[in-house]
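To keep things simple, chains are lettered A, B, C and D as they appear, and every chain counts its residues starting from 1.
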Amino acid sequence: VVDRSNDVQHTQAHVTMSVNLPQHFKGTHMSRFIEVLNKHSKDMSVQALPTVLKELQEYLESESARIVLEFPYFVEKTAPVSGSKALMDYECSFTGEYDGKTSDIVIGVKVPVTSLCPCSKEISDYGAHNQRGIVDIKVRTLHDENEPPKLIWLEEIIQKAEDSASSPLYPLLKRTDERHVTMQAYDNPVFVEDLVRNVAMRLQNDERIKWFTAEVTNFESIHNHNAFALVEWTRP
Amino acid sequence: VVDRSNDVQHTQAHVTMSVNLPQHFKGTHMSRFIEVLNKHSKDMSVQALPTVLKELQEYLESESARIVLEFPYFVEKTAPVSGSKALMDYECSFTGEYDGKTSDIVIGVKVPVTSLCPCSKEISDYGAHNQRGIVDIKVRTLHDENEPPKLIWLEEIIQKAEDSASSPLYPLLKRTDERHVTMQAYDNPVFVEDLVRNVAMRLQNDERIKWFTAEVTNFESIHNHNAFALVEWTRP
Amino acid sequence: VVDRSNDVQHTQAHVTMSVNLPQHFKGTHMSRFIEVLNKHSKDMSVQALPTVLKELQEYLESESARIVLEFPYFVEKTAPVSGSKALMDYECSFTGEYDGKTSDIVIGVKVPVTSLCPCSKEISDYGAHNQRGIVDIKVRTLHDENEPPKLIWLEEIIQKAEDSASSPLYPLLKRTDERHVTMQAYDNPVFVEDLVRNVAMRLQNDERIKWFTAEVTNFESIHNHNAFALVEWTRP
Amino acid sequence: VVDRSNDVQHTQAHVTMSVNLPQHFKGTHMSRFIEVLNKHSKDMSVQALPTVLKELQEYLESESARIVLEFPYFVEKTAPVSGSKALMDYECSFTGEYDGKTSDIVIGVKVPVTSLCPCSKEISDYGAHNQRGIVDIKVRTLHDENEPPKLIWLEEIIQKAEDSASSPLYPLLKRTDERHVTMQAYDNPVFVEDLVRNVAMRLQNDERIKWFTAEVTNFESIHNHNAFALVEWTRP
């Protein structure tokens, strides 16, 4: 995968490949999936995906082809006060479909964040319950015919999710950072519904994006169940 | 399963059964495991387990037999201020081994709790990060020869875990309860090491318990990784 | 859950509940979900679900409500030759949506089966690779306005999946049964595409069903990857 | 990770790190774990692990330190007849402990294989049920004091597991390969107990190995439950 700062990042993906089977075909050629995958295993970037999809559709003599890549992606994060650096991993995905004419690519990122409950803060004399939450974003970008879809970095989507939460998560925090992050979360309380709305607003304001879903799940620290909220949107 | 308040609770278990195979045996009789399981599927309580183990060891002509039951267990919890009642589920397990003479039973419970970070509280002008954690307890009780092991209720182990945390979790909380729980957690900060020590102390003070492990995992709300601490102890 | 032979079966569900939030609402009342769930925890059958959905939609003052119940379901199976009986578990689900006027119910069952590869059988002098597969079926039944949806038993859907495979799975098989099952699978080879087509045909022939998806995943015994096939269908 | 054919293989690990906490210490320095991990993230090979462990133990001022790395590892496999090549992934692990004096390393590999049931083959006129199984091996190698433990390649352990089964799995098989593999499995039937014994024998015959556990789990193609067998052994 190409990333914004290091050019190329080696990663490993869980891959799902499928083709549409015309009714008069009895079955497909399973081993050809692996051949296509093996040939392209060194480059499965968003830019390369349309070529792989086209090859899959043609080699398997089908009407359409689909590939889902799920992979961890690492970004170096800098602690907010001490400036300590360490790697943080995000679960990402590329989903590509090709119908014989155009290819459709969906980019997905799961961003863990902190959310602090506004109600708990308001009704209590001190403290407020907070927890880890996951912001699960999937986007389609606009593209003119015969052109590749507009590029959006995974780092840009991650940023929108982290800016929408009470606080981002960090892999490495010193004491001064922990103080900063604790107070930042207390100063920015969000319900799960607020958080998903904040994310949705930021995605709508990005002119490159034509469709998205954003789902937030909070692993509530006072309950044994999770709270979640979901928005789906298509640019009018 | 027999519970403290309702006598009998219907549940479903994931079951692992095995026997020790003497060296001159080529294999065991797989279908007999299912026959024994099927015969006793209506009562697999701690009290019934020695009988099932003995039958398994004899019917499979082996030196020893082992059964692990993993099952959800429901307890009615009352909210601390409003008194609202609802069911909460705990992942529990019974592990039984029989060597042809005596049977050894280990009771396990996973109790989700709130933990609030003392360091975050101390260094910040306001707020403190907190999160859901899981207290995973396994105990062996004392028993005199030819007597059943001393009874300990799952509810008693759950209580020890909840009393050791910043706050218990609840299935149903009204606004007045949420205020109570938020402030209770802020008043009782515990590191993951404190929490596991509190649990260990309560288990050591229970004269019925002769061995335990207690492991706490915190799903840190400011980090993407978890923090854990583990204590194993045998009564001297 | 009501089952075909025993009237009532006690089970435990993983529950997901949600409501549609009108744009001018800031958030929803999380604790009310638990109150509704708690009130109806003793009966969440397909028949009861419309009532629970309506109550959820009204009590949460929303436009629509949705509940997903995922639960294990046990059926007594009889071995084909010896007649030995034992329980087998199936992962099932009820998904209900209510939009303020009508409720929509989807019934789901995951049925594990044996599939034996026709190609492997044909090209080899003896033997044929076979494996466990999962048939994941979701159905909507027809219903006239203001009437409950037509009843379909979970056992009936399970039967359609098992009849479509090389052989059903059994919890308990004696030697004579194992011989029968081995030869039955060898006599009925199916590719993953055949299996999903067989299931689709049986579902289309059931006049009560108006929509379904059927997905089969084979845990290939000669590969490290799985093979899958999917059909979605709506009655014209 | 260093591999036998390509020198260096980029991979990603799930990491668990812990230290023993002396009784008079209140807690440990969580952020230092991440600092150590971050510093060594480019090389966590078996050869480098003792250095990382020593640094962890010293930097965290503890009596002992422990690291578990779980990671996927890719090996190029050649189909038995056509010679087609493709990558196959294995779940591997390195577990290292350091007590202030010596470090103890356990190497783990999970190898998926085919097993074909001897009983089913014997009692049936044709066919035999077979399935995917997982051989989970953990080994400790001998080492003289103050010397690094004897090197054993992950590929060597994988080979022992595959040689013990009815047939290895392959990522890519052509028709001629599928015929070969089907008949090879039929010619080499093994019960789960045989398979684990075969593995144990091969591990005992390797003079470098001083301890191992081998556990085989078969995802039975005629049952809904799995069959497993386990051997633990220490060189006398």
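Assume a residue touches a chain if its C-beta (ideal position, glycine included) is under 8 Å from a C-beta of that chain, and two chains touch if they have at least 3 such contacts.
What you see is a predicted model, and the numbers here were worked out from it, not measured in a lab.
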item: Path length in the contact graph (chain B to chain C, fewest steps); value: 1
item: B-D or C-D, whichever has more C-beta pairs in contact; value: C-D
item: For chain B paired with chain D, centre-to-centre distance based on mean C-alpha positions, whole Å; value: 30
item: Rounded Å distance, chain C centre to chain D centre (Cα mean); value: 36
item: Overlap residues in chain B, where contacts from two or more other chains coincide; value: 34, 89, 171, 173, 225
item: Category of the chain touch graph - line, ring, star, complete, other; value: complete
item: Complex interface listing, chain A residues touching chain D; value: 10-12, 31, 34-35, 37-38, 41, 72, 84-87, 89, 171-174
item: Contacting residues of chain D [partner chain C, same complex]; value: 88-89, 112, 114, 116, 119-120, 123-132, 167, 169-171, 173, 175, 178-179, 181-183, 185-186, 219-225
item: Contact footprint of chain C on chain A as seen in their complex; value: 18, 21, 26-28, 30, 34, 191-194, 225, 227-230
